[in-house]
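Heads up, the next two complexes both have chain A, just with different partners, chain B and then chain C.
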Partner chain A sequence: MAGNQKAENQKADNQKADKRQYGKITAEILQELISIAGAAHVSADEEKLEAYSHDETSAEYHHLPEAVVTPTTTAQVAEIVRLANRERIPVTPRGAGSGLSGGSIPIFGGIALSLEKMDRIIEIDYENMTATVEAGVITNEINAASAERGLFYAGYPMSLETCCLGGNIAENAGGGKAIKYGVTGRYILGLELVTPTGEIVELGGKLYKDVTGYDLKQLIVGSEGTLGIVTRATVKLIGLPKAKADLLVLFQSPEDAIAVVPIIMTQGILPTSIEFMDRLSVQTSCRYLNESLPYEQAGAMLLIEVDGSHGDQVEADAIAIGELCAGHGALEVYIAEDRNMMERIWNVRRNIAEAFIVYSPVQSLEDIVVPIAAIPKIIPELERISAAYGMKIPCYGHAGDGNLHATLVKDPEMSMGEWFAVEKAALRELYAVTGRLGGKISGEHGIGIKRREFFLDLVDPVELELMRGIKQAWDPNGIMNPGKIF
Partner chain B sequence: MAGNQKAENQKADNQKADKRQYGKITAEILQELISIAGAAHVSADEEKLEAYSHDETSAEYHHLPEAVVTPTTTAQVAEIVRLANRERIPVTPRGAGSGLSGGSIPIFGGIALSLEKMDRIIEIDYENMTATVEAGVITNEINAASAERGLFYAGYPMSLETCCLGGNIAENAGGGKAIKYGVTGRYILGLELVTPTGEIVELGGKLYKDVTGYDLKQLIVGSEGTLGIVTRATVKLIGLPKAKADLLVLFQSPEDAIAVVPIIMTQGILPTSIEFMDRLSVQTSCRYLNESLPYEQAGAMLLIEVDGSHGDQVEADAIAIGELCAGHGALEVYIAEDRNMMERIWNVRRNIAEAFIVYSPVQSLEDIVVPIAAIPKIIPELERISAAYGMKIPCYGHAGDGNLHATLVKDPEMSMGEWFAVEKAALRELYAVTGRLGGKISGEHGIGIKRREFFLDLVDPVELELMRGIKQAWDPNGIMNPGKIF
Partner chain C sequence: MHIIVPIKQVPETSNVKMDPVSGTMLRTGVETVVNPLDLYALESAFRLKEQHGGVGTITVITMGPPQAVKVLKEALAMGCDQAYLISDKAFAGSDTWATSYVLSRAIMELGAYDLIIAGERATDGDTGQVGPGIAAWLDIPAVTYAAAIESTDAGFVSCSRMVEEGYQQVAVQLPAVITVVKEIGAVRLPTLRGKIRSRSAEIPLIDAGKLSAHKPLWGLSKSPTRVVKIEQTTVKREGKTVVVDEHTPAEAAADSFMEFLAEKHIILGDRHA
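After this line comes the complex of A and B, so read on.
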């Protein structure tokens, strides 16, 4: 079939691209980088390079850059990219390094271009309900700066206190509030982009609607830094909800908990979040935080939030959801009215990923997404894979979106060699099951380097060809975050 | 400057593209089309061609196709496109022909490919809260089919009873509910696309989140049929709001009415719609509908809707907005509780565009969008342009989004020659003012052929080059809806 032949050709092209001779950073080029960004913002010091060789993925993906550059202006970013394009030096843009797919790892060396010094909040525009910020701003700072005017940025992900907006845009990061408020892309009104050939372009503006040509902003969102470097963004702010309530609902088993999710979703009340945590996830995070929730012993729990502009309405919604859970197998339903208690519970949820990295450094944190009605079907498949490959697979995530962070964890007894063999095989099965259920391999963490080989196997060759067409047109020398996605 | 030089080169390229020798539809090709789609679905009959030579823009843009084809399956669409690509015959996809930018006009002849026979609702999936439909379905039929399960498709535009979903996707159509619910793009979860080279690809799925590669769906949304033909879509449905209230608020002048919009928007209540109508718009629509609103004599009015899941909350929101308007210059505030009365008022709003086409066929219906805080500044500019060029410029639209349908209307005394001269000059001024206020020339109707020349003048050359890079990569022969956007 033509499609298959194309896929083969593309694979071959891709391997060629991997081996392409990229330019090296010579002493002269380092000097040129210094003349652009200043000596304080360029380093080829080994210790510094080491710090930019990884994100939150496991060590097998890590790779040193040849130089780290931390520009302070968009003009500098553009000049660096023009230099890199001229010399065919890979440029790997980087925010906070909190990614979970290896997207900011400079796997071909070259320049690690960190936006960390471009972290200013340029404007909170109350009248237009927008915030304009540099890409390196820590996401939560947008909320901190806009809260006093009764506004907030609703697109933020769970890691909002450490991640930065540029990275959120690169991955189209999702958050705990995505069911009701959507993910990053919904809030991106304007972008300043440095293209892979080093030109600066402004996309969009403070506009709620805009069909003036192709929507390039939304193409950039989720393109993992392969189509250019976002240096500045204008995000939409919305009114802070005036009331909010959280429910903690305990279930006997993960299956019971997950089965209630599509039931809640179709009852006409739109929760802000429905987060799922299995027992192992809760225990691991509690241990990491030295926290003790009284509920650790349940087989699984849902953490459900509702918000709104009227306290009565929110309370009524919370009670209605609680009754629904009670009628569908919940062991216990707690409506947390104590703000401190709510914060403790959410903190447990937010720290699961980090807790697992600390307690089990060898693991594969996954990010599958399936149609919500298929969520109950995924749990027995995880159990089957877990048994077949002799590994623990704790599971937690944004159940209301169908986005689950199943995590493959190496058994301490297993050798690293064995682990690498079973990890790949188990991932292949997980992704195959996900595909059969109408799902995809990443809901919010991205493909990066971690899922690239699987993505290339699974993606429709026609779709891949369309993606590569864009990449080739925009980045003819393939310097912008090479080796990611495809 | 390099950018300007590029812009010049691009203009030259573009003119070349316009003159490119497209293939003609010979008797043999017509026969081939018949063998693909069946004799009943292919026509070169003059009367039939005439019916596919226009949309809702004025006569100057109309152009006959050489053949009309109405395929019934995606496989047929793909085969037609492959034939067209082989023979370099332009293909202009078409839905209901209700567009307002000439996007579905076959300006280079070739094939008018109408999706009108692909109008099936394939599935309402209650558990996943999605509808899967063919592209030719009338948008409102999705609502009709899902209402009995308490769901609706919230992305619909004002013309929902006549437009079709494929056209909504092509233009990223906005609606009267866009402030709260967003526009078409927010609801597109999956697309079946026939590419410009005639390949079929499925993008997305029944997934609320997905970062598995570039988001090509959102690139297709708003690309005006230049990047392929959408044959099928899966849209997200949401719960029908249980309560709703409408306010009709009268003001002395358009300035007074418009000034209150950013004030409402920043008070923490998110209305479903804030529609603005000046006196001339209301009068024209009332005359067309043989309707008599008691309020026609006010200088301008806002039609504001709030909805929600609790009647009490909706009532409280409506009262709060009413008080805000009363405190900011409203002459009168009516809260319409009578459903019949509400429907009559909305009907007046929905029919303004059509009423103006009937009463003043020579006109230019515009679609500018500005930051909400800039809305009050646009009204005096419209008055200035109106006086300077001796034309009426009634104005109405989605004030809560900053998206206004200022409409340039020819004076009956003016000759067509004079009109063409002043129309262009007035549009240039309108667009320049819009740009100075941080706005863009189209919020929801698209560029099409109507705004192409202005778009090419105003767009950043770097942005244009990025768009053209995608187009060239995907449609190397330039057959897919040529002459639109750029």
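After this line comes the complex of A and C, so read on.
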């Protein structure tokens, strides 16, 4: 009862926050922004603003900013934030807008502060194995710049060719290689941050170890742009693996496929990726790509990648995992070491989301995460929810780390009204099941606005108060990406 | 049925670099793959063998440096029965004429065969000459651009050739060379069983010594063609914008657009009238 009361209070608090009075961007303030960033980097033109009103979440979350500013230096960012703090204007930092939580959507209007023009690679330091880049750098460019010397940045997400490092840091993005290489946070050594009050601070450096006080840079990682604007980052680079091999393993049922994952994970060979795809996902993607993988016979597939410094070793590891799968009910095991064959397989995985958008653009792309031993238990629950609410829930994702993209897809025939009703109910049930299995509602996309309501329902009130305390200390006027997370 | 499939190791096309001085491709340190179009030749061979109830032998061969054994292993993992590596320093620098000669002589050493199936062309040299070249050296018929192959009776196969006007149906007496296009069908992936088998497979070497019964028409010195110059083409936009406004009515704009297209030979000029 006391818990419920507390939850009610939280909701009331939220509503209060939502009604908070923010300053508006007047002609004078627009002029001031122009004098800071230059006329070419400030716009209040509605056509231009549209591009800054959304990320990759569905239209219901979109909201226009009042102005967009694309500063080119950290000093400009700081000056803009000082102005915003003075005038109580909300600032929503933004990278490439490829987020999946609505984190970069300016839901209170104000300033959309895009780091897109701060896209320089400042230094690749081979002696320290680090790269220092501006926040607007497209993540894959770090790899392109360091590959010649046999290095790479391993923290990248699946969207590496379009997303910005700044956004990756804000969301602590992860991707298909996280089981071996971890997520963004593992590679962040140093940050340059503009605080919500407009100060510039350097956190960390080029150090592999650093316990000098609180680890504020790791607090920033995954803070969804609510504690400041990352303008520059120093990331750790590691040696590029020289050889890779992929296994595509076909199973009779999703249960069979998923059941093998914890077995693989505990054999001592750490794969780079274990991606799960159910039949619906594979089929939709294959049709979209006109690809002819033999999916008809399989209820689910695993895509497993191993990498390493020597081809023979990698091949032996791949074969060992392949044989393990064959011994645990795999219908067929394909193995690709030829780059084109590997691309073909990965293409199917990478295009699932895109293929479903073609089928039905209205969907809720989720990224629940459960402990790896609980992965097999989630599958029947998804089937139950999908049947109960009459929607397709293709399930695919990073099975090796328990992070699954169970995506709620609207039946194209269903009305939007019906959809909104079932979407919320189905999500609530999905999240409840996830919680019961010891999981959390977001493994890599973040809370943003999309999952805020659910997060507030589920979060421990003490944990929430601690988070709010941090937010209050960093951003006393609540101008930095307000309305996100809580 | 004995089918021989000559394949080529090519650089992975997304990172090809050229030596600006010699004009040749920089091959060191570049990741290599099975020439993508050769995969269709392999697939055709597998399908033909399946049509024959799995009876027959598929032999994959490649001419290249010792590392080219990698593409042979890949082909074995996909389902080939045996592989030969044709490799010798003396073969280095061979052009399509000399390469098809070496391949043809190596094939002669492999004993009787019914079909040689090759890819349409390699993605690096892009000539499409080696397949037909082998046929010429062996003095057997060549069918190019086959989109479908069907075995018929009495030592013939029937092919559907993809030509500009449509499809041409050809029956050819065996032995013959057939080069295939992508339309032949989706390529299968190598299996774990195949991979395990290919790891332990012996891949015999055919070097210049093994071809000593033949004239040594190989290597750079015997190659009649030379790469004289390689140029990077640049794409220039030479468009112009015609704006419809008070000075230029839509009809005049459309006329000048048509004139522009005719000038560039994109449309025939007389259509304008």
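Convention: the second predicted complex is superposed on the first by the 464 of 486 C-alpha atoms of A that agree within 3 Å, B and C clash if a C-alpha of one lies under 4 Å from a C-alpha of the other, contacts with A are read in each partner's own complex, and residues count from 1 in each chain.
Just so it is clear, contacts are C-beta pairs under 8 Å (C-beta built on N, C-alpha and C of every residue); 3 or more make two chains touch, one makes a residue touch a chain.
Source: prediction; values computed, not measured.
> Based on the shared chain A superposition, would you classify chain B and chain C as clashing or fitting together?
fit
> What is the angle, as a multiple of 10 degrees, that the CA centres of chain B and chain C span when seen from the CA centre of chain A?
Roughly 110 degrees separate the directions to chain B and chain C.
> Please work out whether A:Ser292 is in contact with chain B alone, chain C alone, both, or neither, and reply first, second, both or neither.
second
> Thinking of the overlay built on chain A, is A:Glu323 touched by chain B (first), by chain C (second), by both, or by neither?
Only chain C is touched by A:Glu323; chain B is not.
> Could you say whether A:Leu219 touches chain B, chain C, both of them, or neither, answering first, second, both or neither?
In the superposed model, A:Leu219 contacts chain B only, not chain C.
> For A:Gly185 in the superposed arrangement: first (chain B), second (chain C), both or neither?
first
> Any idea whether chain B or chain C touches more of chain A?
Of chain B and chain C, B contacts more residues of chain A.
> So in the superposed three-chain picture, is A:Asn172 touching just chain B, just chain C, both, or none of them (first/second/both/neither)?
first
> One more residue to check, A:Asp338. First (chain B), second (chain C), both or neither?
The answer is second: A:Asp338 touches chain C but not chain B.
> Considering the aligned complexes, could you tell me the closest Cα pair distance between chain B and chain C in angstrom?
Minimum C-alpha separation, chain B to chain C, in the superposed model is 16 Å.
> Please output the residues of chain A touching chain C within their complex, sorted ascending.
Going by the criterion above, the answer is residues 247-248, 291-293, 315, 318-319, 322-323, 326, 332-341, 344-345.
> Provide the residue numbers of chain B that touch chain A in the complex, in ascending order.
My answer: residues 3, 125-130, 150, 171-172, 174, 178-179, 182-183, 185-186, 195, 199-203, 205-216, 218-219, 221-223, 227, 238-240, 242, 262, 265-270, 308-310, 312-313, 316-317, 369-373, 398, 401-403, 438-447, 455, 459-460, 462-464, 466-467, 469-470, 472-474, 485-486.
> Within the complex, which stretch of chain C touches chain A?
Going through chain C, the ones touching chain A are 12, 31, 33-34, 36, 39, 71, 74, 77, 186, 189-193, 195-196, 199.
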